[in-house]
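Okay, so here's the structure we're looking at.
Chains here go by letter, A, B, C and D, matching the order in which they are written, and residues are numbered from 1 within each.
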Amino acid sequence: MKDMKEMTYKDAVKLAMCEEMRRDENVFLMGEDVGLYGGAFGVSVGMIEEFGEERVRDTPISEAAITGAAAGAAVTGMRPIVEIMFMDFTTIAMDALVNQAAKMRYMFGGKAKVPMTLRCPGGSGTGAAAQHSQSLEAWFCHVPGLKVVVPGTPADAKGLLKAAIRDDNPVVFVEQKTLYKEKGMVPLDEDFIIPLGKGEIKKEGSDVTVVTYGRMLPRVLRVAEELEKEGISVEVVDPRTLVPLDKELIINSVIKTGRVVLVNEACKTGGFIGEIAAIIAESEAFDYLDAPIVRLAGLDIPIPYNPRLEAAAVPSEEQIRAGIMKVMNR
Amino acid sequence: MKDMKEMTYKDAVKLAMCEEMRRDENVFLMGEDVGLYGGAFGVSVGMIEEFGEERVRDTPISEAAITGAAAGAAVTGMRPIVEIMFMDFTTIAMDALVNQAAKMRYMFGGKAKVPMTLRCPGGSGTGAAAQHSQSLEAWFCHVPGLKVVVPGTPADAKGLLKAAIRDDNPVVFVEQKTLYKEKGMVPLDEDFIIPLGKGEIKKEGSDVTVVTYGRMLPRVLRVAEELEKEGISVEVVDPRTLVPLDKELIINSVIKTGRVVLVNEACKTGGFIGEIAAIIAESEAFDYLDAPIVRLAGLDIPIPYNPRLEAAAVPSEEQIRAGIMKVMNR
Amino acid sequence: MTDISREILLEIYKRMNEARAFENKVSYFFARGMVHGTTHLSIGQEASGVASCMALREDDYITSTHRGHSQVIGKGIDLNRMMAELLGKYTGYCKGKGGSMHIADVEAGNLGANGVVGGGIPIAVGAALTQQMKKTGRIVLCFFGDGATNEGSFHESVNLASIWKLPVIFFCENNLYGMSMPQSKSMNIENIADRAKAYGIPGYIIDGNDAIEVYKTVKEVAEYVRNGNGPVLIESRTYRWLGHSKSDAQVYRTKEEVEEWKAKCPIKRLRNYMLENNFASQEELDKIEKKAVEDIEKAVEFANQSPEPPLETLTEDVYA
Amino acid sequence: MTDISREILLEIYKRMNEARAFENKVSYFFARGMVHGTTHLSIGQEASGVASCMALREDDYITSTHRGHSQVIGKGIDLNRMMAELLGKYTGYCKGKGGSMHIADVEAGNLGANGVVGGGIPIAVGAALTQQMKKTGRIVLCFFGDGATNEGSFHESVNLASIWKLPVIFFCENNLYGMSMPQSKSMNIENIADRAKAYGIPGYIIDGNDAIEVYKTVKEVAEYVRNGNGPVLIESRTYRWLGHSKSDAQVYRTKEEVEEWKAKCPIKRLRNYMLENNFASQEELDKIEKKAVEDIEKAVEFANQSPEPPLETLTEDVYA
């Protein structure tokens, strides 16, 4: 592996796109204001200068057509990356994504490939209120044919986005807006790929397993480090890819520790950690569980505007700590 | 309670609509081909004759506008019922339903009511393949502000639809196409209402709890009756409403039996029974569990056309029986 | 008299007859409950579906619809594998997983029928984008119905294609109804072609029952589109003789109206034209017709003898 | 000379000034990071937002947009509660849960700003359906931008309203850009009003910086719409002086262009008109302007002194 460099999550996303666009002329980016403007969150700033407006395509405000066009371009030989400005607006692209892109291959008896990546920023924390703050990854996980990725660090963002772009299936790549400015060491190797479906133990531990991903990962890690000092050894497991899911990694960790806390930002009811809970409860890990599973998730509410309320809508470090204490029976 | 009458699930749905439209002039039905044609599944046949084309409104093929218009009509004083021809096409209405209807009240600080009902037939089994056979209820359950109902019998269909129409919130009412022609006794009482959020024990039992809803309910009941004869006492719990969910009923049953099988038709990953598994695994019922939770769900595939393949895509009675045997350690 | 060659006219005639025979057979099967699911027949619309595709280059693309049998036969398809797909067999185009609503042959340029009204329109636009970016010189013919033009996907897609000047022909088969909804009730305009004005592109209205007009218009428009002038909207007026799908009592239209349109049969019309203008003899045309029916019988035989998809295929091909 | 009354002109002038003062204040807050989130200011568009609403009956409805401050002030709103909402306070219109993008007052006929481009258009259609079914005589004024007309929701909604002849005015504030995308690149037509042709309804183009033209057109169109003639599309041409939202370097347009439009200030224009035609004196107008600034200061004070929403309210009002 070549050098590493410290960079933001946002820049890691950009680097992945740029490297893949240099490597493969079939890769291109399209979306609202991704060109000169550089995207609503500035992820693609400067790309139009390098790649031109053919390959960094500004689109009208037409999420359904953009996403469907990506599917059509993908099935005929391109590898489009679509940026949907906020995850909330995938609501407008659901037919294209769910009924078309995800199902084409199967419906056509295996005689089609749809190598497209749909990038979208998810999550709350920016004061943008109910229609700009959702975490809807669970929806996509429920759609066979789609892969779903939610990176929690800059390095993962790079390695997973490159894998997504090279993958021959439609991949929903959920970026975390509140992580965009977070920094981390990122491998510069142009073949640094993190295979979709491979989770990672972000911190080893022996007393309790915490499974989490995305925005909640840094929070969990901070709590885990504090607790370490207090003598509680927390193992932090980050699946990184939700579909396909690294079940083995999760189950083995739970077998090892016998206790598990699941954390995600999305609304609790129907969130993806519910699926993880079910997987654990039906697995051989069930017999090793010394306490009920604890889930910590966003409240079942739309995200409010007021900053204090907004912050209280998703699990805080205090709540994560309390959840771990609870499963430890302390 | 007045008389009961035997009728189909489909007629029970129609009866509920007719009664509510007679009772409240603000209630009306709109959707594609709901008028003269009577709806793709014939649910509203004859209604236009009674109520006229103002109140049984044929719409163009415009799911986004129809659903958004229902929200707009609801917030200004009407109580629309929207029929989306197949659940798969709610993909086109997701912004209207999820970002608008579901969130209006909260976003506006409680100063709006959105009393609309979105009816849609879900599920496979009719040979209509991948784009006309999905069971997407889990999506809606993940959207705070929506209520979600999936009736499994004609009587429940009537009582729950009437409750949905009278409810002041947007309700997604998922009909089961393969149950449309199933018959059952239905109360004729015009005030027969089943409160949203109240589940029912469809069959009492003591050895094992099976939680299921919708199309899988009759299958589970048939298996349960067979097993009864073989000396296994199965309790069948039907939540009927997924949001709000009658958690107590489920948890108490699991505490009683110590074993639980969860069955739904939807794809396994991210399906609503995953949520139910999580609720059980984090509840006091966890300590009563004598075996891992067993989930039986649709495969993680789009629904294929070939009838044999299609049938194999969702849990069969044999598989349900095997699942129950497994949790019984037999 | 037309300058279309005799060979092409005969080929159009052949494929229209194949489409008719194919659908008559399918209709027969469904009426007897011998097939599972539903189907949407295009009997009466064959000129529209067949002659338009015949005007394409072989390497051009189409996106087809739920009412797509004439379209894909027009594009050139193996009838055996098509019938096998309809009967859910392993030898079908989609290995029995797609059925009538999803017949596709991506390699041969058929990007798939679509069960979602308007669902294929953005896909066509994306396929056209590929052609433009890769400078292949190919174009895309995008089919949809009158009802589909009320979907948001139509609007967004045509707009997108118009600003990027993509090589796509938006081909609206206006058969006057979207299921039970007459066009006159589903929109406040008479000519769907007028919707082109919202995107600054040309709009044409053609007689969709006249194979020659369909062929010539698409041929001409294809060159315009291929030359980088951007998309075009064609409204092809036609009629479906049968119900919307398997189960349709057709209460929304009169028998007289149906009879009127049956009199305008596109196949008879082309036949008469060829006879009157000495393109072909009665016998020749009879032979073609007969052969079409026979070929469909053979296709049925092929399908019947084909295996069901093995159960293991159930979970295959979800991912590449 | 206009036949609009002096009282109305003065009221329009007052509200335009309030809108300007409100947004100047908000801009100041955001620039200093004193508010959380983002906002979309309509400075330069006040005539369009204010005068159109002023032409409505008080009991008519509007659906507003992300760039809606002028619109809702035009409709008549309590500035204190509006400012409180922007600052996320409990006394705000949405109890601090909505913020700039969701200001609503359903009872007063404001069905809400919308964070989704085009999201309010179907809602307006539904509200108009209520008016038609209940025969209230009220109409709905539906705001959206040039960019929004490329969304499917625009197309489906206008079509639906056109066939049902619903009492709704589709009011497009064409400020030449959808975020960074110039109208000239996002669609292949010059006049958005031409999109009306796709639905068989009238389309008008007006100078959105001329409060008098805006008022008169909407007044006239409102009567047409109220009388059951169906919807109308109005394209109101205007310009936003500031960036799209809080963070916008505006690389997509020139300073000269912005300056050109600043010279066309809608407030100055109305002021000059009133002075030239003796509708009001310099002092009167100065007083109004001053009062507007003061009222906004008072609103800030009100908001600052207002409580934060209690934490218990977090889970309230999800369901009715």
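Everything that follows uses one rule, which is that contacts are C-beta pairs under 8 Å (C-beta built on N, C-alpha and C of every residue); 3 or more make two chains touch, one makes a residue touch a chain.
Treat the numbers as computed from the prediction; the structure is a model and nothing was measured.
Greatest Cα centroid separation from subunit D: this falls to C. Averaging Cα coordinates per chain places subunit A and subunit B 30 Å apart. Chain geometry summary: the mean Cα position of subunit A and that of subunit D are 36 Å apart. Between the Cα centres of subunit A and subunit C there is a gap of 40 Å.
Of all residues in subunit D, those touching 2 or more other chains are 94, 96-98, 102, 114-116, 119, 150-153, 156, 159, 163, 185-187, 318, listed in ascending order.
Shown for subunit A are the residues that touch two or more other chains, namely 60, 62, 64-65, 88-89, 92, 95, 99, 106-107, 129-131, 144-145, 299-302, 304.
A complete topology is adopted by the chain contact network, contact being made between every pair of chains.
By the touch criterion given at the top, residues 28, 54, 59-60, 62, 64-78, 80, 95-96, 99-100, 104-115, 144-145, 147, 168-169 of subunit A touch subunit C in their complex. Interface residues of subunit D, counted against subunit A in their complex, comprise 35-38, 88-89, 94, 96-99, 101-102, 114-119, 147-148, 150-153, 178-181, 185-187, 248, 251-252, 308-309, 311, 313-315, 318. Taken in their complex, subunit D has these residues touching subunit C: 150-156, 159, 162-163, 185-189, 194-195, 197-201, 230. Interface of subunit B with subunit A (complex): residues 64, 88-89, 91-92, 94-95, 98-99, 102-103, 106-107, 129-131, 136, 138-139, 141-145, 243, 245, 266-267, 269-275, 277-284, 286-287, 289, 291-295, 299-302, 304. Listed in rising order, the residues of subunit A touching subunit D in the complex are 32-33, 35-37, 40, 58, 60-65, 88-89, 92, 126-132, 299-302, 304-310, 312-313.
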